[in-house]
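Both complexes below contain chain A, partnered by chain B and then by chain C.
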Partner chain A sequence: MYVAVKGGERAIDAAHEWLAEERRGDAAVPELTVPQIREQMALAVNRVMAEGSLYDPDLAALAIKQARGDLIEAIFLIRAYRTTLPRLGHSAPVDTGAMRCDRRISATFKDVPGGQVLGPTFDYTHRLLDFALEAEGEAPRAREAEPRREPTPRVTEFLNKDGLIQDEPRTDATPPDMTREPMEYPAGRPLRLQALTRGDEGFVLGMAYSTQRGYGRNHPFVGELRIGAVEVEMEVPELGFPVCIGELTLTECETVNQFAGSKLEPAQFTRGYGLVFGQTERKAISMALVDRALRWEELGEENIGAPAQDEEFVLAHSDNIQGTGFLEHIKLPHYVDFQSELELVRKMRAEALGTAKFKEAAE
Partner chain B sequence: MTDQAYNFAYLDEQTKRMIRRALLKALAVPGYQVPFASREMPMPYGWGTGGVQVTAACLTPEDRLKVIDQGADDTTNAVSIRKFFERTAEVETTEHTAEATVIQTRHRIPEQPLEEGQILVYQVPIPEPLRFLEPRETETRKMHALEEYGLMHVKLYEDIAHNGAISTAYAYPVKVEGRYVMDPSPIPKFDNPKLESAAIQLFGAGREQRIYALPPHTKVVSLDFEDHPFEASKADHDCDLCGCGSSYLDEVITDDAGGRMFVCSDTDFCATRQAEGHRGALSPQEEYA
Partner chain C sequence: METPEQEIALRQGWMGLLARAPAERLAALMEGADMPDFDFDWLRVPETGGVMVRGRMGGTGAPFNLGEMTVTRCALRLQSGEVGHAHVKGRNRAHAERAALVDALMQGPRAAEVQASVLAPLASEEAAQRDARAAKAAATKVDFFTMVRGE
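After this line comes the complex of A and B, so read on.
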């Protein structure tokens, strides 16, 4: 006998209780603290800050703990929090030229002023599981060197001096804000870069990878990749001059891409640009490749119909919070729609079978 | 999280003002999709964020809110959204259609005709009726601007050519006041005639950043052909609990031997009828005593 589906509310409460218990896991194992996550899961924290569009390592660590390590869920928590924050003002553009670099490499020159600095990278580690990490040991200490005091010059500027790379026009126009205005296409480069920097790492990586495999190839070289701290300055009206209000760690990638030139312009290198919160170089490099692919029109290249060249396709599908929400909403009840389809299919089948019988009888 | 940390109905007043402007524009141009700067909400995209934002922008402390999903007040997501507004707006809630001033819905229009002064808010997944014919927003906006709906008619025609019938059972496209083709959200086509209503109908698509609306008594025509007229179909049964022969029915599988029953999808409508003494074929016998 049919029993009315009551009790949704009790079921939800019970599910939340169970979730909280599962989140804690075996109570005999010590609980993770937020500072532990912030310090020891720093790259997860960085990803949550980048795609959550909120630079706050403590909140990101808390979100990771609350989300049981599901980073997209953690990003969602941060986004939902961020959207409630008041906007007190705007910072001045950060000067990545003045970055205190922890890592800075160029793939286009053997050596460059400012030097090649590997920094804390996985790059040349052998991916062998380190079973020593299963045991608690002393905190490892790295050797130290004198930090560089002066600003590190940009590799692309060396090329620019000779006119070998296309110049980026400077503008003081206020960029549009994708979190405050509905997206309209064509979006233009500032909006594209905003969407890419908060876009899903996996999606942006996949798009970038597709360009490397020939779907909108643009021959990228990593002109420069730098990771480090920059100061955030803000103009305070009462003071009349910018004051430093804090620091961010950023990853910046500038790619140097080949460009054949045209009848009007001699051959020149072009650029792709990636800038992401935290140490997030896979994302920053991917972003630069996708940015470059999306610039086909402005650079007079052919659109070969590659997905990474399609601004609307890339931007409309790069956000993992939108994507995961819509994907997972199909878990919600749809039985009214399904019933409607059921009736239609039954009716169409009945009519088709009726016609077949009629034909048989006539033959 | 302290609830006091948030504004009435969660959204800040600036955001509500932005949404209300979009709503007014939508009401002024019925069926036209107005872009709005949808905010990230504390529930996932695709779970009613557009409807929730529209409801939040409409609610006043005196309102009485009803939330339904699939026609039912007690489906989990309806419960969750109702709780959200109980918590952030502290408005009264109700399950009775007639008592509600604002009704947020997903996939259904209540059976009881709505009246002037009521607002029906729809949750919309894909606001663009032309989306599955043309995936590009840049193109579909142009098609609406030029009133270029040939593609839609070709699609409906091809349905008939292939299947003998228009094979759209829900989210059945309509033309509003002879101008815009509109997606009525995934309501079953049975509900389409109810789109001509005395109530204000507002449609919110959060992820897609669009709002559209039907002012009271707007002309809404389901697309069809003279020789294949639109038909608001439903299961050919009466409700097994209240005996109603004209309401939209859910088919409920009752055992693993093909047993099934049909019940009103609108739970308030069905419960009200049962309270009035109406009985269906499978109503519990003891209630007659």
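After this line comes the complex of A and C, so read on.
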């Protein structure tokens, strides 16, 4: 039952005023600007864009500032903003094969054409706090070598030439869009990938990790991980031809997974796929593992009841904005609901105690 | 004289360049080019919206929806009749307006001038910026060597 209750406006106004003051922190410390967040907290910005499902680094940086660094709150702000935007159309599928790679590694082939390019990675750092960053100073300049200008070939292409890996046949089917129609199960792979790429990084990581620990194991190798810029093209009806509307940084992960073969197919490697906005490799690898785990049915594998094999469980719980909305609403006033429960418990206790007293008296 | 296909390819080239260009740089180049204020009529005033970006499964397979990006679009007609279009990443209306204006001018008598003063510098700066990034990536390429053990 809902009963309208008035009051609290002044308290709410005062709370929001204080929030604004606390957001600013100590006024003796210089205020952060949005470009500073965009440039220097770039991986937080990337996460907000990926899970907010809107590529706009300035907006994501603003959301992080407004949310005091609470990334789920920032993602919430971006999702809310996104709903106010008219949909101008959709892009042609991006060509990640033409990516200008900042980073490109393969865990399966040492001498892969195009090379193992580490890029600006945390890998191989010692994870020791660098106290030099406490002091202001000039950033060191990265060294340079002869730039590669041609596109970097895909690792899975090499395996595919010999038929050793499952083909990924090109189609131009219109994919379903979970932002337009409510989710229905079974969702199918295009919708799963859309949900996973915007899903909570921690949740998708946890699901992926569970498969590695044996809950739906699928023996993944990172066939290829690439991070870099791709151009986005869009068909403009007034023009009658596609135009490039800008560039995005994406992270793509292709896993190569063991597959013993089945009655129908000879032994062949299978694939998991991750593609995420920004430099977000933990998420992209996690996405690829979960994508592969969810493909058990189409690949004729056994469903061992692992959480990561359960499409509805994974997709329905991967969205941190839905999750936080439902979770946090229980802290909002439920006075009337609770009042009725309170009365019920009192009544039950009175009845139980009354019966006990009666028994005591009878004995 | 170019064939219609070549004309489209050229136009796609400059429209993409204008969309990718940093907004401030495009503004500075157009100011520096000492072009008069062109009178134009809006066919579509600048409007910001979302474009759903798609990817392909496995990079090459069936499409899926990856997420949206902000895009600002507009269209205008010069007094001389040329129509300019722009679809530009982000929310900067002035960027879209300048991109559409250059698109229109490139179809008229001032094309060579605009090409030299605006598009050529944008193209060379973009190439230099891409090369600089690729050069840093190349420096992080692993050179494997085998350690000879024993003997």
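Rule of thumb we're sticking to: the second predicted complex is superposed on the first by the 345 of 363 C-alpha atoms of A that agree within 3 Å, B and C clash if a C-alpha of one lies under 4 Å from a C-alpha of the other, contacts with A are read in each partner's own complex, and residues count from 1 in each chain.
By our rule, a residue touches a chain if its C-beta (ideal position, glycine included) is under 8 Å from a C-beta of that chain, and two chains touch if they have at least 3 such contacts.
Every value quoted in this text rests on a predicted model; they were computed, and no experiment measured them.
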After aligning the two structures on chain A, examine chain B and chain C and state clash or fit. fit
On the A-aligned overlay, A:R154 touches which partner chain: chain B = first, chain C = second, or both, or neither? second
Could you look at A:E341 and tell me whether it touches chain B, chain C, both or neither (first, second, both, neither)? first
Is A:R82 touching anything from chain B or chain C once the two structures are fitted on A? First, second, both or neither. both
Just to be sure I read the superposition right, which of the two partners does A:L248 touch: chain B = first, chain C = second, or both, or neither? second
Does the superposition put A:T324 against chain B (first), chain C (second), both, or neither? first
Chain B versus chain C as contact partner of A:E312, first or second or both or neither: first
Partner chain in contact with A:P186 - chain B first, chain C second, else both or neither: first
Of chain C and chain B, partner touching more chain A residues: C
Overlaying both structures gives a minimum C-alpha distance between chain B and chain C, in Å, of 12
Residues on chain A in contact with chain B in one complex and with chain C in the other? 82, 86, 179
Along chain C, where are the residues that touch chain A in the complex? 8, 11-12, 15-16, 19-20, 47-71, 73, 75, 85, 87-91, 130-142, 144
Give the list of chain A residues in touch with chain C in this complex. 49-50, 53-56, 58-59, 82, 85-94, 96-97, 100-103, 110-111, 115-120, 142-149, 154, 156, 168-179, 189-191, 193-194, 197-198, 231-232, 234, 236, 238-239, 241-248, 250, 252, 254, 271, 273, 275, 277
Chain A residues touching chain B in their complex are 1-2, 4-9, 11-12, 76, 79-80, 82-84, 86, 179-186, 312, 316, 321-322, 324-329, 332-337, 339-344, 347-348, 351-352
Spell out the part of chain B that touches chain A in their complex, as residue ranges. 6, 12, 35-42, 44-47, 49, 69-72, 74-80, 83, 106-108, 125, 136-138, 163-165, 167, 169-171, 186-190, 207, 209-210, 233-235, 240-241, 248-252, 254, 261, 263, 265, 267, 282, 284
